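Note that the chains are named A, B and C in the order they appear, and that numbering of residues resets to 1 at the start of each chain.
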């Protein structure tokens, strides 16, 4: 099929899904079926587009937003990787959502599926965007479309969290990200994603230093400290939304944007010459350690996972900033690996909540015996986060270590080791108590979660395993990035 | 026929205004005003197309007396853009006003109201098309006098005192303008702007010419509510009938700023204004204070009309900032923002109109849970609010883009940071309303409230859609604005 | 001599300042309008003075006297328009004052402010 048509299908399927969800809002079954079918169609289209990603030449230009800046899309490897990830997880997440939303009798389900579809369409737009402005537009739409999801419960507590969510994400993006984009435009007069970067050699390094910081902190979705506050706040949302935030779209959109900017705007060659790159690596390193430490101290399961995400995101930022070919590949792969692992963990947390209304860590004693599927999946996810083979997390961590050794960055090595220990420190006790401690008496009525939830769980846990054994699908894509570097 | 469009733009509402007084039927007078403002809108569209395709400005000699003897109407790109936005806003507000006026103004006064409305429109359009300095003053007074009357028709008695304050300030401003024009005339013997532009450069050394510039700038600054001479604005916008607030917020201050641009860039030499008069730093400093002051005060308001009024003061700061940069991109950013802000602020005021129509007030503390009762109204507020904040794909984003690139072009990083900071404040004051509307539990009083009638919602949503449309198709608000700025600098 | 020659303009400045002072300083709304009128009147005088040419006569074209010096009629015409505007402003202002008096029972600005503040 014509790749440009495929690209249009990819961009339009979630939009069509949103419209149809609205039309069929009265008929819950049809509505949910539409979401599922669109997800499958989208994934198929993305898979069909896959072979064209290497050429880096498929373009779709819609109109000019400003006289010299077009609203355009371009298929390239990194975006393809992200699109594949998001569309694949959308299928699974939809299955899970159907189980979760019905299982918990959540209100406003139509709004939920509607906003979800819009969020996915902006994720697709973001991953396929051909220039920085297009990327920014979808970045903002993603923020706004996920706001109703975060505040789904509609309580004042949800509103407060939503305030933090929107305040940090919209605020940072308008105050810093947009600033950086316009500044870039005024220096280079182009915003195209160009292999080899768009800055010429004679640009003032001081300006580049500030620009880099503006980008890193302006992309609040990447949750580098002190921009991380929104992630724990967003924990009020229902679990499928947390999965969307942590695995499918939002945080991934953040680190994806940073990686993309590093590769196509700055270019790795230039990045290492910018004085503040080092600073960003340090900040990312501290974020990893501190977030892991906070996660270690948490008593609430979802909050613990949120802080774990913050630390894992900074791995990606750190990897991107190292800017060696191995490190960049590590960044790209970790986007995928972390997504598979973290979505499994969130699904498991949601599954536990649906089945037993438990949210605290100390309530989980012996739960592995009652909900074996859930807890096995949780174990796989947790071990992948720690980075043990044979799981996805191992591969990306391996590449990152290689990248760090290449440039002999002992700081990065130390950070990886300490955080791995901390990760083990907060995941292993949970796994231990879930399987080896006996459940409190009188909890016989708790059963395994509804079937769709279990299916979704098994799928993502399976993906975490498969990724280790067959990483070629993604590594070939990332290898083609190497050509660009 | 086409050659007469320019004068028809002013003549049609002027002739229709007294006719309004003669009509007794409310529906009929509304129909007349809608048709008249609709015709003005179509004319302005046609004129905009004509200007954009022709090399030179359109001119029209009143009574066939050629310039510089006779009064000349002259429409270049910037004038065409402003005329377009003024007549667009006038048309939509006219459509909206039929229902919204019902509660606000006594039935027998409605023809008078519409008569004043059309006079105000005449004045505003007149300012944009005229090429004669004194004629500009006359049109400014026509629009101002009409707007004093319009404001005084507010329901609340505070409208009277607000209108009176505006009258005092406005008259001082207009008289300053008159003095300035008189002094220019004393030296050049002409009132035609093109003619003035040719004769003034040789005379810039004269003190009284310099003084005339000072009088004109201060007079127009008062009219356009630049900080610290903005004090008439919050009261006037708060207490006027909502249609009037919406109309004036979108047009009156913008047209005054247009007049200022006219004098600074067409009549006087802009290089003089920068290098000798040091208007650049003066404008920038006042603009920054206005941006901060307006946004911070907007945060504190409970009355949403007043909140929007303070927000307007901040936005006027943006407009002056663009002028103060004295660069092509700065000026084009101002023109862009004149256009966008007119749409944004009018939309927001019309939203308040829907609320006032249903609830009788627009107090933030009593709007809890309104999002569920009036979903379309609140959604309109959200979209227009996002546009005010400057989220991509809305009109407001293009302004922000233009303004920030203009400040970055001259490497005023602090100004850029300030612009960004004030947009953060805008997020806060807009989001206060969104949270109250969607998250706070509604009180018993609002439970019976239903969505506003279609007669209000349709004009409102026309503007909402334009908010998005002009965020995507930037031909007018970016490209044309750029051309306008280029030609203003070239002349 | 120069000072006396510019007598009109000195008066313009004086009137202008007196007028503006009245607008700002007096609390009575009617006095404010009076001040505004003074202020405008000063501008009228300015314009009229501009049109005067020494030895000039009324600008009526005489066929058999081509050397006659005329005063410039244009500023006078202009100011006629401005006077009309001024009258409109005054009447509108006075009308407003009548309405304010009906609504508040006073035309002193500080008293009105007090009433407004009490309400809020």
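Here is the rule we go by: contacts are C-beta pairs under 8 Å (C-beta built on N, C-alpha and C of every residue); 3 or more make two chains touch, one makes a residue touch a chain.
Keep in mind the model is a prediction, meaning the values are calculated, not measured.
With centres taken as mean CA coordinates, the chain nearest to the overall protein centre is B. Chain centres computed from CA atoms place A at the largest separation from subunit C.
Rounded to a whole number, the gap between the C-alpha centres of subunit B and subunit C is 28 angstrom. Taking each chain's centre as the average of its CA atoms, subunit A and subunit B sit 44 Å apart.
Each chain gets one centre point, the mean of its Cα atoms, and the points for subunit A and subunit C are 70 Å apart. For subunit A, residues touching at least two other chains: there are none. Across the assembly, subunit B contributes no residue in contact with two or more other chains. On the subunit B side of its complex with subunit A, the touching residues are 386, 389-393, 398, 400-401, 404-405, 408-409, 416-417, 420-421, 423-424, 427-428, 431, 435, 438-440, 472-474, 478-479, 482.
By the touch rule above, subunit B contacts subunit C in their complex via residues 134, 137-138, 141, 145, 148-149, 152, 157-158, 160-161, 163-164, 167-168, 171-172, 174-175, 178-179, 182, 185-186, 191.
Across the interface of their complex, subunit B is touched by residues 20, 23, 29, 32, 36, 39-40, 43, 46-47, 50, 74-75, 78, 81-82, 85, 88-89, 92-93, 96-97, 99-100, 103-104, 109, 112, 116 of subunit C. Within the complex formed with subunit B, the residues of subunit A that make contact are 63-67, 71, 133, 136-137, 140-141, 144, 151, 154-156, 158-159, 162-163, 166-167, 170-171, 174-176, 178-179, 182-183, 185-186.
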